[in-house]
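Heads up, the thing below is written out as structure tokens.
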């Protein structure tokens, strides 16, 4: 059994009034944030050993922290709140856009950057899909 | 010397083009996020020992994680990005509104909730002030 | 390409004097800590919606935080320090033992607890293998 | 009211059998870990903008993560476990020793490093005092 399978057994408790979410999309969003967090932590750890990579180091760490906050919020159904969830997804997407753009500039010389840019892009797509699936009843 | 004093010695490096920030406001925002993170971690730790407090537990943990992400972003000047910073502040304010509302409901019976609600409110005000101080040149 | 593959491209920089590590073992340890962190965050999020599960909620959150600290340390080769690494691995193993024991008590009624106990156990084994591979020259 | 005052209202629930702790010492330990986390996050954010400071950057981030894990464990009384608590304190002290030594090397040229070294030292002392206060009944 792996993490994704496990997640299917998650109970969502009772959703807040007016909040609807596609659980499959949320699970894919969590998994993508996890991959993005791992990629950006790894990337930051490598960047700091290279010259002139402080912007990439900082952005990758920011990205990792935002993913941690995002995963936490999605994995705690008891606290689901529509406005907070939306704003968190927006923040992850904005950070993802900035981190991806920075990492792409170094993708030719650094495998970590190349991978991190891909992971950011996937995470942004999953956030967008999840936002689209959320709706006020 | 305390943390706030120390922060005054922080170098901001070179700001990204078009980004201006009031450093005093940012430092106050960091300190307020730190107080909010401490309050919400403490509150979550207490909530989980009480019956029917799962919503408060979850929201306080979400709040703490968002503050961690927010402080990290502000403390790493090399990665400053206007859009990501704005979206992060918005997410902290949205989470703060939800967490404050929940904690206020228990403020009469729990000192931790009362304090956490106050900390959320202060943090939201500091985020708002900081956002107002940011401007595209 | 997945995270594990990516990790093979990580550069370790120059190891501190007297520190030797088996990189494959460290990568497996990172992956296991990640699975453990995901499992324990998920478990905590579910526990708090059940009555009388505050001990499990708290321990799972402690476990998740320790895994985060452990992964971070391993993913930042520039800061490798023998004594700190050993102590961190010990702390992860001690927390893993406590969290596994607690989760096993609820494994019959909660899929999340059952999975989390397994993830703790695997993480503890990977930490132990990594410690055994570390040696002073 | 400040965080330290607030903490005095924390309920410890029922301590695990055989575990005794001096609550004042634990509260001071939490406050010191918080100061240490803030100092090390700030220090890492500054280090990465300087050349040849990757070891300091990495160690400060490791330090911040360990403090986060330590504070979390202490702020969640429902999960108190003697062995895990001891091992966590040991890990914070080991990381503190490494981070302090590194920061002290740059204390002359960097206010952040000077402050971080002081914060590490204080945290180590508070961890040691807390460990000494813990005892098996």
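Per-chain numbering from 1; labels A, B, C and D assigned in written order.
Please note the rule applied: contacts are C-beta pairs under 8 Å (C-beta built on N, C-alpha and C of every residue); 3 or more make two chains touch, one makes a residue touch a chain.
It should be emphasised that the depicted structure is a prediction, and the values quoted were computed from it without experimental measurement.
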| item | value |
| --- | --- |
| Chain labels contacting subunit B and also subunit D | A, C |
| A-C or C-D, whichever has more C-beta pairs in contact | C-D |
| Farthest chain (mean CA position) relative to subunit D | A |
| Listed chain pair B-C, B-D or C-D that repeats interface A-B [over half of contact pairs the same by residue number] | C-D |
| Centre-to-centre distance between subunit D and subunit A (centres being mean Cα positions), rounded to whole Å | 28 |
| Euclidean distance of C-alpha centroids - subunit C vs subunit D, Å | 20 |
| Shared-contact residues (touching 2 or more other chains) in subunit B | 13, 45, 48-49, 54, 57-58, 61, 68, 72, 76-78 |
| Residue ranges of subunit C touching subunit D (in the complex, touch as defined) | 13, 54-55, 57-59, 61-62, 65-66, 68-69, 72-73, 76-81, 83-84, 86-88, 90-91, 93-95, 97-98 |
| Subunit A-touching residues of subunit D, taken from the complex the two chains share | 45, 48-49, 51, 54, 57-58, 61 |
| Subunit B-touching residues of subunit D, taken from the complex the two chains share | 1-3, 6-7, 9-11, 13, 34-35, 38-39, 41-42, 44-46, 48-49, 68, 71-72, 75-78, 111-112, 115, 118 |
